[in-house]
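Next up: the structures, one after another.
First chain A sits with chain B, and in the next complex the same chain sits with chain C.
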Partner chain A sequence: MTSLPVALLLAAGFLAPIAIVAIYSIMPARTFVLTGSVTPENYVAAFTEGYWRPLMWSVSGALLTTILCLLLAWPTAKALKSLEGYRATFVTILIALPIFISESVRLFGFSLFLMPAGGILAGTMDAAFDVSIGSILNTRTAALLGMVYVHFPFVLFPLLLGLSQIPEEQREAARDLGASNWQLMREIDAPLAAPGALIGALFCFVLALGANAEMRILGGQSVTVITHAIEQRFNYAQDWPMGAALTMLVIAITALLVLPVFRRIDIDRLIRR
Partner chain B sequence: MTGSNNSALRVLRSMWLLVVLLLLYVPIASVVLASLANTRYMRFPHRVWSLDAYAQALGTYTTANLHLTSLSIAVAVVIVSVIIASFGALAFARYDWAGRKLFRRLVLLPVFFPQPVLGLALLLYLTALGIVPDWKTAAFAHIVWVVPIVTLVISIRLYHYDVAQEEAAFDLGATRLQVFREITLPALAPGIVSGALFAFLLSWSNLPISVFTSGADTTLPEWLYSRTATNYSPLVPAVAVIGTAASAAIVLLAAALRPVFTRKR
Partner chain C sequence: MVEASEPRPGILSTHGISKSFGELRAVDDVSIEIADGEFFTIVGPSGSGKSTLVRILAGLDRPDSGNILLRGEDITATPANARPTCMVFQSLALFTHRTVGENIEFSQKMKGVARDARREHALRMMEVVRLPREYYARPVTQCSGGEQQRVALARALASDPEILFFDEPLSAIDYRLRKILEVEMKDLHRRTGKTFIYITHSLEEAMVMSDRIAIMRSGTLIQTGTPHEIYRRPESRFVAEFMGEVNIFTVADGRLAELGIAAAQIEAPYLVVRPEYLRPAGNGDADFRFRAEVTNDYMLGSRTQFHLDAGGTSLVAELPALAAAGIAPGDVGEWGFDRADAVPLAD
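This part shows the complex of A and B:
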């Protein structure tokens, strides 16, 4: 019965809020009670009044972030795995540390680095090489780079965990039998590391789906993402049911991706060494 | 494969890791560099390098207040989540029981959930319940998100734990309390210390949940977030550095005290 405290907490602090949001999402627009007549109008409005745009921005941004993170994490994980002893531990800790520095500090630093004219990069280039460069701050590219920067560790570490479970003997055996590097990767590394990569990719996608600060700090509002659109509905427009319906759409996308993976992946095997 | 090929690969890999580390730390270094100015506008490289911003930051009430809010939340989160998660970890990793599979999925769900969406859902929920958000509701929101993570952290340590020890103790006539104190708790201790560190750092640095659930109270990351867009001055990066250093100091202190918590009885 030691599961009770956690179960109660999650029932009261996670499932109940989602249930309340679900109920609000089928209430008449701009009302504040939970007992109105049930209506699908908010969901209809979500697709007819242009809200699919911020939703699409968020989904495509998250997808792009996930792909870029995977492409960067693969060689990094392989390189980390090839290090030995204390060096591996040292580099791994160095990579992990920034996770514990606030997102707002790191993204702020990113924007200071990219700032035009007096920014760290532009200023240094100007002073050291007398070259004046432009700036990508306040563009979608900058926001995407910020997304990759923030979410990279969340792909790397599950991937590393997956890779670490590939027995070295298996790779050696394949090599002895004449497998090339490419074959080694395709036939052994990739399939065996797949659960770790899948967990990492899922983690990254879901976190990036709600990402908001990257766009605000680095993207300069060049695009409205879904979290921002929801926030506007709640705060400025005072239209809770509309905001709730948009929230439910994000939750639905998350659930559609997460639940099937949970069913397939054996957590025991991934955690236990 | 030839030897020279191998060493070329090794150099390439080291260089790649170096580039990755460099990219990860460039923004953090940028914050430190920006804080060392005394001009209102950012003009790097600074004409005058100074620590004025730090003197100013340490002298203002705001800095103290922001740290106090973040610290109150983090302390509450550490205490509550460690207690709840320790019980959760036992259910998650060790005891075999009927609902275990379902329980594990429930625990993992909030981890695989967009944080701002959780914050928004909690805001709507609290408002519907008639609760006015302040730092205490932010602490509750953090707990909802942190408990599953701490449960996982403690669970990982528990996988090496052998239930037979407990059974042996019972066979030898130990009471339930004795078994918990002498066997279960010492086994949990290292995980609890790591879990507490995770809880502290995740709460201290959290932005997406705090933004929606802290009401009129402002945490450190929230203040930084609001000041990055408007009202820039070197004070902002200076507070960022102070806040990060404060959390590092607290963690180092806890790490130094670690042997006290996990000593063998």
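This part shows the complex of A and C:
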């Protein structure tokens, strides 16, 4: 019966808000009651009034971020694994530490670094090498860079956990049986680390889908992401039902991607052993 | 065809290989010559460096110094995946995310052999190790300990290595099954004709299977020989004691110190007598005789073991059932052994 309080907490803190948002999403536009007549107009508007653009930016941004993070995390995790004792701890702490600093603070730091002329990167290049470089600040590239920077640890650590659980003797056996480095990665490392990589990718994707600050601070709002659009509906536009409908869409997309992945991996096996 | 009497050509030899972990010399100046097709076993207590040595031979680790020759060719710097050798690990190291068939086919897949040919080869290997065909598509995690053992063997054999290394592959298996697998291992060696280099800490296991045994102690091989030689002529107390329960006497001033009897013409400082060579000598026919009291008896199947007290010194004797009849704890009498059965030891 110990699960009862947990179930209650989940119901109150998770299901109830979603239920409220769900109901709002089928209320007439610009109303603030949950008892109006049911209507699909917000969902229709979501597809007809240009909201697909921010949605597409968010989904493609999140996908790209996830892929880039995975590509970066693999060699990093391999390198960390080969480091010994205190060195591995040191580098791990270096990578993990930023998680404890507010995301906005980090992103503003990044933006200082990227600023044109007086920025840290451009200024140093100018002063030290007498080279003038432009700046990517306020572009989509800068936003993507920020996304990768912020979400990287969420991919790295699950992947590192997955990799570290591969028994060294299985790798040695594979090598002994003639596997090259590439074959070792394809046949042993990748499949055995896959659950960790998938969990990391999920974290990254879900977080990146809801990300907003990167585009605001580094991307200079060069495009509008869905979170920003939702925020606008709730705040400036005072159109809660529309915001709720967009929120439900994001939740649906997330569930569509997350559930099949969860069905594929054996979480028990990942956390035990 | 090689004549049976002709000495077999060497396949693997090492020259002064050493490896240290910090201050510890895990393998210390080991030189061995192993003949083609030989079943060579390295026996030693835990921590004596057996695994370290065999990992070096298999190419999984590099020695600090010394070199390894395969048919006269230096392979010291050749990595494991380029050596025609294969190792069966103590943990078996089966690929847990793969089926029995995929495990066995692994080496062939690495070579780019086509799927059908691989499958055929794997099924043949399964036959060699007596695994039923139905196991082909089964996940290895669903196999019993003994079956996994066979999968590991088949996987190693499938790579068609010239030398197979085994690092205590049977130590995690219960006694009965181990006895069966020991016999199968020996049988497999005979049928495949490959060179087996086997590691165990059980001398009993080594005795059953090996053509030759090397005893390892603190990183060095202290004695190498046939099971018979090792058993009958241990060169040191360590080997003698490792061989099981023995009686060791100290020779001082021409006497066996423990028994207080004359030991003329024995130069060595120690004398070893196996339990089966101690016998009742009431009729005075043994070269060395002493009085002893039987303190305990234990049935060992076809033999009986007696614990003796010879004036304060504890001794062990083993007699066949017939000779043991009528001897009981509390009996006091003459016991003895012959000079030919006692092995002098230098240390």
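The definition used in the following text is that the second predicted complex is superposed on the first by the 270 of 273 C-alpha atoms of A that agree within 3 Å, B and C clash if a C-alpha of one lies under 4 Å from a C-alpha of the other, contacts with A are read in each partner's own complex, and residues count from 1 in each chain.
Rule of thumb we're sticking to: a residue touches a chain if its C-beta (ideal position, glycine included) is under 8 Å from a C-beta of that chain, and two chains touch if they have at least 3 such contacts.
Since we're looking at a predicted model, the values are computed, not measured.
By the touch criterion stated above, A:Gly178 is placed in contact with chain C alone, chain B being left untouched. Contact with neither chain B nor chain C is seen for A:Gly162 once the two complexes are overlaid on the shared chain.
Looking at the shared chain after the overlay, A:Gln170 reaches chain C, while chain B stays out of its contact range. When the shared chain is aligned, chain B comes close enough to touch A:Phe234, but chain C does not.
After superposition on the shared chain, chain A has more residues touched by B, the comparison being chain B against chain C. Under the contact criterion defined above, no residue of chain A touches both chain B in one complex and chain C in the other. The part of chain A that touches chain C in the complex is made up of residues 167, 169-170, 172-180, 183, 187-188, 191-192.
For chain A in complex with chain B, the residues that touch the partner chain are 2-7, 9-10, 13-14, 16-18, 20-21, 24, 34, 72, 75-76, 78-80, 82-83, 91, 94-95, 98, 100-113, 115, 117-120, 122-124, 127, 149, 152, 181, 202-203, 206-207, 209-213, 216-217, 227, 230-231, 234, 240, 243-244, 247, 250-251, 254, 258, 262, 267, 271-273. Partner chain A is touched in their complex by these residues of chain C: 58-60, 79-81, 85-87, 89, 91, 93-97, 106-107, 109-111, 155, 159. Put simply, chain B touches chain A in their complex at residues 1, 10, 13-14, 16-17, 20-21, 23-31, 33-34, 41-45, 83-85, 87-88, 90-92, 95, 97, 99, 103-118, 120-125, 128, 140-141, 143-144, 147-148, 151-152, 155-156, 159, 201-202, 204-208, 212, 220-222, 224-225, 228-229, 236-237, 240, 243-244, 247.
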